[in-house]
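The next part holds the structures, each set out as structure tokens.
First chain A sits with chain B, and in the next complex the same chain sits with chain C.
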Partner chain A sequence: MVSEIGFLFLTIVLVISSFSFFQLLISGTNYSTDFFNQIKLSNLIFVLTLFSFICLTYSFAISDFTLNVIASNSNSQLPIIYKLTGVWGNHEGSILLWLLVMTFFGFIFSKNNLASHYFKNDVLKIQNSLCFLITSFIVFTSNPFEKTYPPPVEGGDLNPLLQDPGLVIHPPFLYIGYVGFSIIYSISVAGLSNQKKELFIDVLKPWVFISWIFLTCGIGLGSWWAYYELGWGGFWFWDPVENASLLPWLTASALLHTIVIAAKKKILINWTIILSILTFVLSLLGTFLVRSGVLVSVHAFANDPKRGVYILLLLALISFFGIFKYLKNYDGPTNPKQIHMISREGMISLNNIFMLSLTFTILLGTIYPLFSSVLFNSKISVGAPFFNSILMPVMLPFAVGMIIGPYVKWGKDDLFLIFKRVQTLLILFFFISLLVWYLNYKDPILSIIFIILGSWIIASSLFEIFQFINIKKRIFNIPKKIFAQVLAHMGIGLLIIGATGSTVMKKEKIQFQEIGESIKIKNYDVKFLGIKKVEGPNYLSQMGIFNIKNNNKTVKILKPEKRFYNSGKQVTTEAAIYSTLLGDLYIAIGDVHQNKKQYTTRIWFNPFTIWIWIGVFFLALGGLFSFFNSLARKK
Partner chain B sequence: MKKKNKRLLNILVYLMLFTIGCLILLMNLRDNLVFFYSPSEVFQKNLDPTNKIRVGGMVKKTSLKKEVKKIKGRSLEQISFVITDFNNEIKVSYIGILPDLFKEGQGVVVEGFITSNGMFNAKTVLAKHDENYMPPEIKDIKSIKENNNGI
Partner chain C sequence: MRYFFITIFVFCLFVFYQGLKKNPRDIPSNLISQEIPEFYISSFNGPNLSHIDLKKDEIKIVNFFASWCPPCTVEHKQLQSLSKKVTTYGIAKKNKNKDLSKWLGKLGNPYKNIGMDYEGLVSIEWGVYALPETFLIDKNGIIKYKHVGPIMQRDLEKLENLIRKLR
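Up next is the complex of A and B:
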């Protein structure tokens, strides 16, 4: 019953949002000929989608197995929290969540007081039309309310890998990020047909920051989940699905640098619009890659090619509409002012070139297998070595730009003056390099280079703040935007150190370990104490107990598990991790040997891994400061 | 006119840089490609043992064997199994932990090198997140097989 109501709500959303879509087709972004108040429509669409989503959630909560998605992705034995989050643990439900977020962004935008009524109407017309396209996708290809007959007595199960707190919050964060770019697209495309392009940049700014923050956290959470749940000891695998989330993140990062100039100097406005459109298109492309199954991915989920074609059509429609609007309203460069290479604007332009080159490279590596299978009929995959070999050399000039950039003045600057500004910093760099070398001289040269680079970025960011304090003689008066930039750049520095540590410097030991046997790794002693059988709510677990000693002192008892889920015959590995600032001790336990005494154990020492997550946190925090800054400026 | 020439030159320089960049990228890509073959293709094509490749197919039932070996003072598990596409099969050896979703009678993709005696030395055994998921390549094999059975 509830599910029928849910579907009814969804159908009404389809009908109502089609008003906006046809309005857009008929009158374009021209307010005067509108039949409908788009603001009211957007609110209605949001409320109805919310109701529909609640109906689905309720059906999951009561385990209504007459619904296809619930019958195959939920189970009456599941803990209630996983029943609820099971809503987005499958394709249909997650696309409904996607729609909910999209309508929610429209709803929030309709409450925005910065934009004029006229402009708001235009933006929401596009946003509602996007909602129409997604709703039609749901209704016609992935309806979560589809019935199954006869209804099974017991459901399949939520994929055990997804029964995890990390996966509870990862998809919503990622989706808020992805879908947040839809409102950026709507604002940009609507802004194109407005007379004064400069005006909408201020409206756009906070949305860029908020979406970027969520996407950053979403990617971070996903990577964290992969790290502890998959039991492979790594945090990033250059898998198509991961790359798909990285692409819009890179262009969005370029966008949030550019929008600062666009708002301040009223230049590069066309470029800002292009980046906005590109970012949303890449988000959609990501969805296409993840949901269509065209690429061989380790993360790929079971899927249906029909959906892929539909998303591809949406992708084409949305990008052509954006490009068409852009070309139609192109009125030459917004400002013919030249940008000097040696200036803050120049540095930010350089940043954009780097970001987009990276985007292009990763895109090429990700979709090349697609081309190759169509054009040459050969099945290939592009592995981590390709991405690493491109990323590493690009990182060097990129990091140098990041270090110098903030010390370069707006307008026009002089190399000699910049040098004078940073000479203390250069001396500092020298000592930092010596220190890093001294501490890590045994490690591979590559890791030392990158750790030095990361430390340089952190040092230069901190130096920026100290310099500020010295000049002003007032400690607490650091402008928010400087603080935001420093935090975000430090985040990147930390990320570089963490990523280098946990890839280049990691130590791995795989063996059969007997109960009572000790394995030495780094300066830890890992003693296998025994095995315990534990019964979880819907699984049986084989829990290994390991005593970790550091310099003959027990520091931690680690309990990695292997879980056997009752319903799906599936097995998951739950790694146990002992984190310190210097590195993670990571244990995964495998099968028992025939002699019943030895177990396969996999022990890693991943240096500095924790700094990856701290780095992501810093990035998000920096974004948050920028966000509040962009709000405060307008009042 | 002169200004126009300068602009043209600029564009040409950018285009050249872009092309060079793309070429470097593609060269790099070519060196890092991993080709995917079915067991039959492995036998048909004379493959270079120094190239890393992927082989996909179904794990033959009751072919999984595990034995313990001492390597450099540590006891390791030597795993071997057979991958089949129902026409040809290839024996795979692997040292390490098998992914959780590895099962006899199900699809698998291994990455590694062909050895001189026709075996496959796997460096990685790829897991899938989803028990219902099947790599498209294996799906093809399966559907071909089913069609053949139909005839």
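Up next is the complex of A and C:
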């Protein structure tokens, strides 16, 4: 019964949002000929979608196995929290969540006081039309309320890999980020037909930051989950799905730099619009790649070519609409003012060039297997070595720009003056480099270079605050935008150090380990004490117990597990990790040897890994400062 | 300039659309048109199995499987109908004899001989990355075709055609 109501709500959403869609087709973004009040429509759409989502969640909670998605992705034995989060542990439910977030953004935007009523109406018309397209996708190809007959007595199971707290929050964060770009798209496209284009930049700004923050956290959480759940000892695998989330993140990062210039100098407005459209199109492209099954990925979604065609259609429609609107309203460069190479604007433009080069190279690497299979009928795979080898050389000039950029003045600056400004910093750099080299001289040269680079970025960011205090003679009231930039740049610095540590400098030992045997790795002695059988709520676990000694003192007992989930007959690895600021000791336990005495154990020492997550946290915090800054300016 | 971008964009859409019709998991084997790799392993119900047995003068299929692999159970029926037309060898990957005999007892045995790949090394030699995988081998011991995943009813026809061509 509840599920029928849920579907009814969804159908009404489809009908109501179609009003906006047809209105857009008929009158374009022109308020005067509108029949409907788009603001009211958007609120209605949100409330109905929310009800529909609640209905689905309720059906999951009571394990209503008459629904196809629940029968195949949930189970009556699941802990309640995983029953609820099972809503987005499958294709259909996750797209409904996507729609919910999309309508929610429209709803919040309708409460925005900054935009004029007309502009708001235009933006929401586009946003509602996007909702219409997604709703039609749900109703026609991925209906979560589809019935199965006869209903099974017991469901399949939620993929055990997804039964993890990291995965409970990772998808919603990622979706808020991804889908947040829809409102950026709507604002930009609506802004195009506005007479004064620069006016919408201030409206756009907070949305860019908030979506970016969520996407950053979403990617960070996903990577954190992969690190401790998958048991492969890595945090990033250049999987197509990961790349799909990284692409819009890169263009959004470019966008949030550009939008600062656009707001301040009223230049690069067209470029801001292009980046906004591109970011959302890349989000959709990611969805297409992930959900249609055109690429091999570790992320398994139930694939269906029919869905693929539909998403492709949406992708084409939405991108063409954006491009069409852009070309139609393009009236030459908006501002003939030239950007000087040696100026803050110039530095930010450089940032954009790097970001976009990176985006397109990663895009190319991600879809190349598809192209080669279609055009040359040859199967190839593009893996981590390709991505790492393109990332490293790009990182160097990028980091240098990040270090110098903040010290360059707006308008026009002089190289000599910049040099004078950062004199002290350069001396500092010299000593930092010596220190890093002294501490790590045994490690590969590549790792030393990148750790030095990361430290430089952090040092220069901190130096910026120091210099600000020095010049302005005040410790408090440091502007939010400086904090934002310093934190975010430090985040990148930490990320570089963490990523270098856990890839280039990692130590790995894989062996058959007998009970009682000790393995030495880095400064640690890892002694295998034994195996314990543990019963969880819906799994059996083989838990290894390891005693970790550092300088003959026990520092930690680690308990990696291998879990056997009852109903899905699936096995997952739960790595155990001892984290310190200097590195993670990471143990995963495998099968028992035929002699019944030895177990496969994989022990890693991943230096500095924890700094990756701290870096992500700094990035998000920086974004948050920018977000509040962009709100404060308006009042 | 703008037409250039639009052309690229349309081209990408076209490729994506074409890509939908392909299955990225179809990966051709490097071993096709090559001789079968050398191996010697113990056999389930005979003395042993080696590449020499598989080079004997007849067309045959070699099926990599395991009793612990659910898709292998799915394809078993099709394999049995195939085994009436062509000699079928099996190589059980990381399988215990006890489990295997129970499994075969329940489902029936289509195999002329089963090699026991306890360590999974033969599977690596043959480039087997997912179970089940099936190789079609001609009279000279040359690998002609590889099928990844369970042989379903619809695959049966294709395989039978290939076998007919080889004869």
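Definition applied: the second predicted complex is superposed on the first by the 634 of 635 C-alpha atoms of A that agree within 3 Å, B and C clash if a C-alpha of one lies under 4 Å from a C-alpha of the other, contacts with A are read in each partner's own complex, and residues count from 1 in each chain.
Keep in mind that, in the parts below, a residue touches a chain if its C-beta (ideal position, glycine included) is under 8 Å from a C-beta of that chain, and two chains touch if they have at least 3 such contacts.
Not measured: the values here are computed from a predicted model.
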item: Chain C versus chain B on the shared chain A, clash or fit after superposition; value: clash
item: Touching partner for A:389 - first (chain B), second (chain C), both, neither; value: first
item: A:312 touches, of chain B and chain C: first, second, both or neither?; value: second
item: Which of chain B and chain C A:323 touches, first, second, both or neither; value: second
item: Which superposed partner A:258 touches (first chain B, second chain C, both, neither); value: neither
item: Which superposed partner A:573 touches (first chain B, second chain C, both, neither); value: first
item: Partner chain(s) touched by A:288 [first = chain B, second = chain C, both, neither]; value: second
item: Partner chain in contact with A:379 - chain B first, chain C second, else both or neither; value: both
item: Which partner reaches more residues of chain A (counting touched residues only), chain B or chain C; value: B
item: First (chain B), second (chain C), both or neither touched by A:371; value: second
item: Touching partner for A:600 - first (chain B), second (chain C), both, neither; value: first
item: Stretch of chain C, among 2-10, 38-46, 74-82 or 128-136, that runs into chain B once the two complexes are superposed; value: 128-136
item: Intersection of chain A interface sets (partners chain B, chain C); value: 293-294, 296, 379, 569
item: Residue ranges of chain A touching chain B (in the complex, touch as defined); value: 159, 161, 230-231, 293-294, 296, 298-302, 357, 361, 364-365, 368, 378-383, 385-386, 389-390, 509-512, 562, 568-573, 588, 590-591, 593-594, 598, 600, 602
item: Of chain C, residues touching chain A in the complex; value: 2, 5-6, 9, 12-13, 15-28, 70
item: Chain A - residues contacting chain C, complex; value: 288, 292-296, 305, 308-309, 312, 315-316, 319, 323, 327, 367, 369-371, 373-375, 379, 569
item: Residue ranges of chain B touching chain A (in the complex, touch as defined); value: 21, 25, 28-29, 31-37, 54, 66, 68, 74-77, 95-98, 100-101, 109, 111, 126-137
